[in-house]
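Labels A, B, C, D and E are assigned to the chains in the order they are written; within every chain, residues are numbered from 1.
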């Protein structure tokens, strides 16, 4: 099967004011794969992930240069940012359902994009919750406040919420770091399931997790992309000494 | 060399209101060793560490039962809490120097305990900073605000501050988790150095760190102490399946 | 035209309303005056005049139930300004107009006279003072009650604020204009003068007749108690006029009727009832 | 919107390429972007009303208040110097006799505020410490609403209370014969600034990170030592902001002060038993009775008051920006 | 620090708290003690100024009773008080005085406590009760001179309510929109600093200056007269910083993850504000509104010079009126009537207390709902 490139990043520099958080990052992210970003705290994983759907635009004093395309369109001038964000969904480290009902959470995106019909919404909500593997647990209490659920359920609601706008890519920033082991497993299984339809990019600080589920792994250090390759390659035989040191726990 | 028991904990239960955070914990902590606590987030590592110098007393609705002795004295009734805390120093996850000069930070403890003479204080400050391996870096700017230092330096200032009251035990709660790799290494070296004089108890979520520097490792899960033993034993051949699963990254 | 521009909204509509009425019913105006008069009269100004203004207003409204009269107690100067600026139909002042105010061309109507009573704490043994005594006290030349046969205590002089009609009149009549002792305590309003005097046994103050109450003791001057009769028979001389000022063109029909009523016998009866002195 | 700048920044670094769909994608959202921008402008406009108000009030007060000193007006040209350095306030009907000196009032205002700070701030800060650090939850739940209620009582009632309770008490102990005095003003004001000082100090104390306290306690310091050596110093700038706001309130307070100050027409207070006439009461006392030059002079008093407030605000923003560092 | 010093400091802290609370109790006690005698239902429901009218009443066949003061043909009992005023002490259930008309032909029902001052043009002030009884008895229809006593605060309550509503209607939207601008849109820079400086300055300007401004600008220059609208506009400016600051607090308290969550789904800034931010900020906004009500109720200097001192029920925005606090100030200043001032003060304090409690309950309730 020939691989399709979803994201193409060339020479990406990112500055928070004077501080350069990303340095000449070049990376291709392939369709229907899970790409994992690993690296010690503060190395720029989240920052990089957030450039992919322009969430960094919200931060003051950010300066970005370089070239990021999604399906060959420059995300910084050829694609409207609102459009981009509905094509590139995002799941955050801490589950962040809105303080409203489960239903309203999932219907939020479609509503924002103009879908009003109850029936249509119902369908989307059900489908998204099913895709996020949480339908069975919540189908009887869709009107309940989403905040009353457990952390793992909340995170899957957030995934369902992201799926409801039918994105092509799903960005996940340490989606399991606030969860217990069982919920973590569920999310991991879900991710492996979802990659059939979506492209997934995931930040993790748990190397075992990266090894378990990702197809490709990118290792960051101090804002630089040190190395990116097939996951098995990175974990068994990395090119760079620093990657090896990190993976074997010599620092971080 | 015969081992001396510093802390002896028997059947320790701890409740936050209704929630039981520690369940029948039994552990002996030996003198002049580094004991590491590991376990997934929320398993009670910090809670347990904080019972050892009664920092949990500050939290409302905490109920503690069981038996904790320091040098065979019960810390909950035979030792005055102020005394206990000067015998059992503590270093926190996030470096927390007071917003005052480096000198005042380190002199804080001795002053609180009644030492007023400038010369005496000078000596204590110098000695503590030297012990904390940060003297050379700050000796020319002792009057500078401690907050102007880097994270790693701040953390060593905090260690110096703890050492200045001449404790017997040093509790450290993830002391390097907010630090960069180089600072981390410095602190680790420092810990190995300090154990000659002090008993060290350290929480870490970095298993490599535990493996690198600790003599003994205790593994917690959901408030229970699953297993504690010599570090090499725990990492090579644990008794409990759950310990093995955790160490090999099957969850957490 | 001038009045239309500057009247407030209330007064404006009333002017029109009343114009219509008076056109239709010009023939037997007297009969209709009582029955049909309606609209709003706005008065503002001296707080000393307030009881008189409100008393007359209540009676006027009794006869003319469709009329509303409002009285803003803001001070004499504010009254003159508001009368001149047409903020209200009528301004009320408890002092005569100053030279610059005379230039406004306001009509001045004396609606009552008012006595100003000298008051002390009820425990003060002083029985009587002459006008010269009062003058000395307020000039700061006499500072101890023993000088007038009282206790050997310092005199605490209480005065109204600068610009007050009451103060202006008091200073003029007692003759110490602009020479008030710098030790004087200044209290705002008749009420605060009273409260201040009522609470300090060594103090002396002055308030309008219409406000005096039993927390303080009125002091006779040269044997004459501050009463309406004594003012009328001129044995008590500390008195001044209450004046309503207005621009003729700023009076709507109700306001005209109010002024007429104030000067009528019925109106003057009310003046007496509230403790002031009728004009005749 | 502002992203566009960044977009330009990025596109400038790259040579242009041809993108499919570009025009369609962008034009669909033209309308939405315009609406967002318009609504943002409405928000901005609302926020600007505050600026307009301040400007209007300032211009107006200065316009009225500076007139008497400008030679343009007929019978005027009162010397600004005699105004700010004068020790007598005698607004006579006869303009030639009139004296408008506010220096003694400036002293009165400063002394009164300083006194209120000296009395009120320690009590306020300690009460805040109690609520934030020492009080059991239940007790804090009673004390806090009490403080809020104290803040809600209209100043007129403080004045009535001052006249009815504080002034007579001072009269009894004062070497002078009257109770209206600088001391009375200080006491009333110190009560009135309490809520400001308490609420702001409490907030400042609460924002001191927990880890400072833990650090101190873990060294074997007692709770009280921790409060005085670590918590309060760390909350210093917040508490200072509360103090400055308290000074603002003290300088600006009118109705309560008027009833207990004595408001004499001359004289710099030389002891706490002397009556005073703070700037605010000078305005409120005579505004209803003033015309012409007299009225303008009251506005001029307002100008002086205004300058005080501006200076305080500048100090406050200095303090808060320093705290933000 | 030694244990001794520790304890000393602790006692100073306790003492300060006791002083604070003690002062509060003292002040409130003083006000209640002096004011409570005035307070009853009529105080809250009657006018401040007494009101005199001529009331036409039909005669009737009352009960056959012989007590002094009973007017058979009106079905009422009259009594006299120490000051010699004759007042209606009780009214028969079928009495015609309930269906009187005033000279403007408006229905007027005589109530207990109303003073009867005369019949037709005859005044009865100096008469004894017997004389009055015989004078009144046996007419076929009457025109009574009736005076309804005042000394109540009803008009001030209504005026206060008006001013609260109007000022909030002006200040709340502006304040909330400003707060949204400041937290959600504004970028750090000159503009933001200017706006912040302005709101802080507004908060610092003494209300007497607002009063001066309102008086000359709204009352005189804009020709609004002493009116609710002039008072409310002046107050709105005073309220702006209160509302802005409080709303901003509650906006800032909303975790950023909600904003990111919404924007990450492709919602626009405005949609995010409307659907996620505002619903969450409502408790804070409500508290802001309640706190401003407290501020309005407590204001005197600014309202005095813009809405005036008249105790009347305003019939439009352009008519003036005294708020509770202004009236308390006015009676203290003019009449030295401390009891009345304290009675009004009692009402004010109870109002403020209720508002504060309400704010607490609302924020607690809504916070809890949000946490669910």
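Note that in this section a residue touches a chain if its C-beta (ideal position, glycine included) is under 8 Å from a C-beta of that chain, and two chains touch if they have at least 3 such contacts.
Chains and their UniProt names: A, B = Phosphate transport system ATP-binding protein; D = Phosphate transport system permease protein; E = Phosphate transport system permease protein PstA.
As the structure is a prediction and not an experimental result, all values here were calculated from the model.
Could you give the fewest steps needed to travel from chain D to chain E through chains in contact?
1
Determine the set of chains touching chain B that also touch chain E.
Intersection of chain B and chain E contact lists gives A, D.
Name the chain with the Cα centroid closest to the overall protein Cα centroid.
Minimum centroid-to-centroid distance belongs to D.
What chain lies farthest away from chain B once each centre is taken as the mean of the Cα atoms?
C
What chain pair has the highest count of contacting C-beta pairs?
D-E
Could you state the distance in Å from the CA-based centre of chain A to that of chain E?
56
Please work out the Cα centroid separation of chain C and chain E, and write it as a whole number of Å.
Going by mean C-alpha positions, chain C sits 28 Å from chain E.
Please compute the C-alpha centroid of chain C, do the same for chain D, then give the distance between them in whole Å.
Inter-chain centre distance comes to 37 Å.
How many Å are there between the centre of chain A and the centre of chain C, using C-alpha atoms for each centre?
The computed centroid separation for chain A versus chain C comes out at 81 Å.
For chain D, which residues are shared contacts with two or more other chains?
Residues 32, 164, 222, 225, 229, 259, 284, 287 of chain D each touch two or more of the other chains.
Two-or-more-chain contact residues of chain C, please, as numbers and ranges.
Counting only residues that touch two or more other chains, chain C contributes 47, 74, 188, 192, 195.
Can you tell me which residues of chain A touch two or more of the remaining chains?
Those would be 82-83.
Which residues of chain D touch chain C once you look at their complex with the stated criterion?
88-94, 97, 163-164, 167-168, 171, 176-180, 258-259, 262-267, 275, 277, 284-292, 294-295
If we count contacts the way the header does, which residues on chain E are in touch with chain C in the complex?
49-54, 102-104, 106, 145, 219-220, 223-227, 308-310, 312, 316, 318-320, 330-338
Could you list, by residue number, the parts of chain A that touch chain E in their complex?
Its residues touching chain E are 53, 55, 58, 60, 82-86, 89-90, 92, 94, 96-100, 108-109, 112-113, 145, 147-148, 158, 161-162, 165.
Across the complex, what residues on chain A touch chain B?
By the definition above, chain A touches chain B via 40-42, 177-178, 180-181, 184-185, 206-209, 211, 248-252.
Going by the contact rule at the top, pick out the chain E residues touching chain D in the complex.
Touch list, chain E to chain D: 1, 3, 6, 9-10, 12-17, 19-21, 23-24, 26-28, 30-31, 34, 173-175, 177-178, 180-182, 184-187, 194-202, 204-213, 216-217, 237, 240-241, 244, 268-270, 294, 297-301, 305, 325, 328-329, 332, 338, 341-342, 345, 348-349, 352-353, 355-357, 360.
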